[in-house]
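Two complexes, one shared chain (subunit A), two partners (subunit B, subunit C).
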Partner chain A sequence: MAAGTLTWCRFKDEASQLLRHSDRIKDGWEWTEVEEDQAGGSFLVKKDVIRPVGERVDVKDCVPLEEAEDEDNSDVLGVEYNMEEADTNTVPCELKETEYYRYQYHVLYSTSYSVPVLYFIASRPDGSLASLDEVWSIVPGSFQSRLQDDRWTFLTQQEHPVLGCPMFQLHPCHTATMMQPLMQETQDKDRGSCNYLVSWLSSVGPVVGLNLPLSYAQIGHVT
Partner chain B sequence: MAETEKTDLASPSSGDAGSIPQNSDQKKKIDVLLKGAGDAPIMKKKKWAVDPTKKVSWIIEFIRKYIKCEPHESLFLYVNQSFAPSPDQELQNLYECFGSDGKLILHYCKTQAWG
Partner chain C sequence: MADDREVLRELWDGRLPIKFNLAADEVSSMEHPEPCYLLVPRQSYFPLVADKVQRYFLKYTANSQGEEMWLEYEGQPLKWHYPIGVLFDLFASSTMLPWSLVVHFQKFPEDELLHCPGKDAVESHFMSSVKEADTLKHRGQVINGMQKKDHKQLWMGLQNDKFDQFWAINRRLMEHGEENCFKHLPFRLYQSDKPCVQRLFRPITEEGEQRLLGDLVREVAPQVFNTEVEDASRSWKVVIQGVEPPMETPVQWLSEHFSYPDNFLHICLVSSQ
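Take a look at the complex of A and B:
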């Protein structure tokens, strides 16, 4: 397999690990089989995730960090890193009057890219689907600043490959590039392979409101 | 965020889940070791003492500025070398779950991941 990718078999195995942990902590993930013998024909689903409007992760005022006392590091340059207030970079947008959105997340396997792909829909309290503008406006500020120029290529509306319904998708074209250094790091250290799916989902999920509890970090590791 | 959570791992040093044994009212800073993964630039200064209430998003922004991340580049932070904690997760929680030998090791990766 090319660097940073994973096989359908590994996807299924790691999904099982994720599901076992999810059951244990009642995190709500389910396995849906639609095309049983087909690579990519089954996938993970998490429903009914409520995200209140107005909650957004912004970087607060930054102050310089103190340097830890380190007797080996006597060559302190005395440079102060001036942490001026970070831009919150929120997107000016006319939001409809909505108290919350109900999200549903699907994790599929892309046979084209040999990586997992995250699909989701967001609906308003009245059941109507949120627009791409609305979804974008809830992306945390710390991600918006980096994705401003490329946001439409990164977050797009796509047809669900198995169900056929329109959903939003985090485009998978750079997933392998993103995962490659991480996979290399864990292999080099001879710690056994970690759970690719959990590493990937923990990295990209927060962009669209999906946060994995910390306990998922223990999946695949010998503790 | 709706899913902001306290750690659901029992604190190893206390019978009360989630409580933090403290000897004083002052918040003791946490020693953090920042390590680059893959071809991420290595920070000249790797060890930092950080306020335990700081969030992951704050640490990410700090590293981004330190290593001069371009706006179009993404920076990811990992505990246990493989898990990206939520941006609003507090350093305190990370230290309780993944700290050892009095410090917390965090790995960071830089990538042009999107677009």
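Take a look at the complex of A and C:
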């Protein structure tokens, strides 16, 4: 496989590992099979992630892992996070308790790019869908200015490839470039097998409010 | 590839006559507006050609909040991110011309349509498709090897209906490379009541033989050839660019000549009835 990519088989295997761990810690991930035998026809889903309006995920100690500018000026986003839990106690006291968004995250496999892709929607309490502007309000401030120029390319509304409904998508075209040094580093330091999915999700998820508890990091090292 | 260049030009010049009507329940003025007629390029997208329609009908509605315009055909909301020719072939290929559409400004169908915040969104979507197509054809090497101004030229060529400007760049995306064909075929197959299908498909066999349109349809939509299914009386047409190409057509040729400007082959499966 090209550097930084993964096969459908590996995606499925790693998804199984993720699901087993999720069940153990009751993290709520499920596997949805729509087109059983088709590459990309099944995917991970996590529903009912509640986020109060105005809460912004805090990302501490953001360290750029790799920055490369290619000719069309889109920065490659690779960041290493301090994996502490986001502080969910800091809700501004002027917020009403009834104002919240209900998030649903889908992790699909792209057969075109051979990488995982993150899709999500946010619903308001009345069931209506949040707009792109509302969704941008939870993107950590440290990313907002960087991504502002690429706003139309990085986080966009797209059709879910299997279900066909409108969802927001983190664009996959830079994923391989972002993941390649992470994968290389794992190999170089001889850390044994690494769960690509967990590494990838823990990198991109926080941009859109999805945090993986620290315990997921154990997965890649279980034989 | 230069031999069949006339095909490229003919498809590029394809037009559809459309009659736009404001939804009756959204008319708030005393007089009901006359329909608006436009001749639109099959290869383009509605947000690029419908400004005039929006401006014309806005004054007849109570649209004070800048609601987004959306289009509907016989109850079917139309996806702006599909090329116009695809929408017509998929939903209206047997209808009389002009194609009659309803214009709405209210009750945007959030669960069916993407929002179109402006022409930037159309450009972004278009370029995203072009990049994905090149990833399938050439591992992305051609598109990534181009400069930003080349990408811009593709978009401007489409937006301004400039065939030569567009194809000066696009021909590089249509080159074979050393293998005489693309790695995978960029295609999407549509049926009116299902999400569209996209799969990996190689244009040649292991033995180096050309694969045909019939092979692709058989693999991705076997019901077209399966006459044992209960709906046997319902036969299918396979429509690309408003035409039913023979099943013996090599898919490599179709990809080079019948793709839309986004470099995808958009294949519509339509009931014959």
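Just so we're on the same page, the second predicted complex is superposed on the first by the 179 of 223 C-alpha atoms of A that agree within 3 Å, B and C clash if a C-alpha of one lies under 4 Å from a C-alpha of the other, contacts with A are read in each partner's own complex, and residues count from 1 in each chain.
The definition used in the following text is that a contact is a pair of C-beta atoms (placed from the backbone, for glycine too) under 8 Å apart; a residue touches a chain by one contact, two chains touch by 3 or more.
Nothing here was measured: the structure is a model prediction, and the numbers come from that model.
Engineer: Which chain, subunit B or subunit C, is in touch with more residues of subunit A?
Structural biologist: Of subunit B and subunit C, more residues of subunit A lie in contact with B.
Engineer: Between subunit B (first) and subunit C (second), which, if any, makes contact with A:Y216: first, second, both or neither?
Structural biologist: First partner only.
Engineer: Once the structures are superposed on A, label A:Q158 by its partner contacts, choosing first (subunit B), second (subunit C), both or neither.
Structural biologist: Once the two structures are laid over each other on A, A:Q158 reaches subunit C alone.
Engineer: With the two complexes superposed on chain A, say which partner A:P166 touches: subunit B (first), subunit C (second), both, or neither.
Structural biologist: Second partner only, subunit C.
Engineer: Taking the superposition as given, does A:S131 touch the first partner, subunit B, the second, subunit C, both, or neither?
Structural biologist: second
Engineer: A:L182 in the overlay: touching subunit B, subunit C, both, or neither? Say first, second, both or neither.
Structural biologist: first
Engineer: Answer with first, second, both or neither: which of subunit B and subunit C does A:Y113 touch in the superposed model?
Structural biologist: A:Y113 contacts subunit C only, not subunit B.
Engineer: Looking at the overlay, what does A:P140 touch: subunit B (first), subunit C (second), both, or neither?
Structural biologist: Touch partner of A:P140: subunit B, not subunit C.
Engineer: Identify the overlap between the subunit B-contacting and the subunit C-contacting residues of subunit A.
Structural biologist: Looking at subunit A, the two contact sets intersect at 70, 73, 153, 171.
Engineer: Using the touch definition from the top, list the residues of subunit A that touch subunit C in their complex.
Structural biologist: 2, 38-39, 70-73, 111-113, 128-129, 131-132, 152-153, 156-166, 171, 173
Engineer: In the complex, go through subunit A and note every residue touching subunit B.
Structural biologist: Those residues of subunit A that touch subunit B are 25, 49-52, 55, 57-60, 62, 65-70, 73, 81, 83, 86, 100, 140, 142-143, 145-150, 153-154, 171, 174-175, 177-178, 180-182, 184-186, 189, 191, 194-195, 198-199, 202-203, 206, 209-218, 220-221.
Engineer: Could you pull out which subunit C residues touch subunit A in their complex?
Structural biologist: 79, 81, 110-115, 117, 120-121, 123-125, 127-128, 131-132, 135-136, 139-140, 144, 146-148, 151, 194-196, 198-200
Engineer: For the complex, give me every residue of subunit B touching subunit A.
Structural biologist: For subunit B paired with subunit A, touching residues are 1-5, 7-9, 29, 31-32, 37-40, 45, 47-50, 55, 57-58, 60-62, 65-66, 71-74, 76, 78-89, 93-94, 97-98, 107, 109, 111-115.
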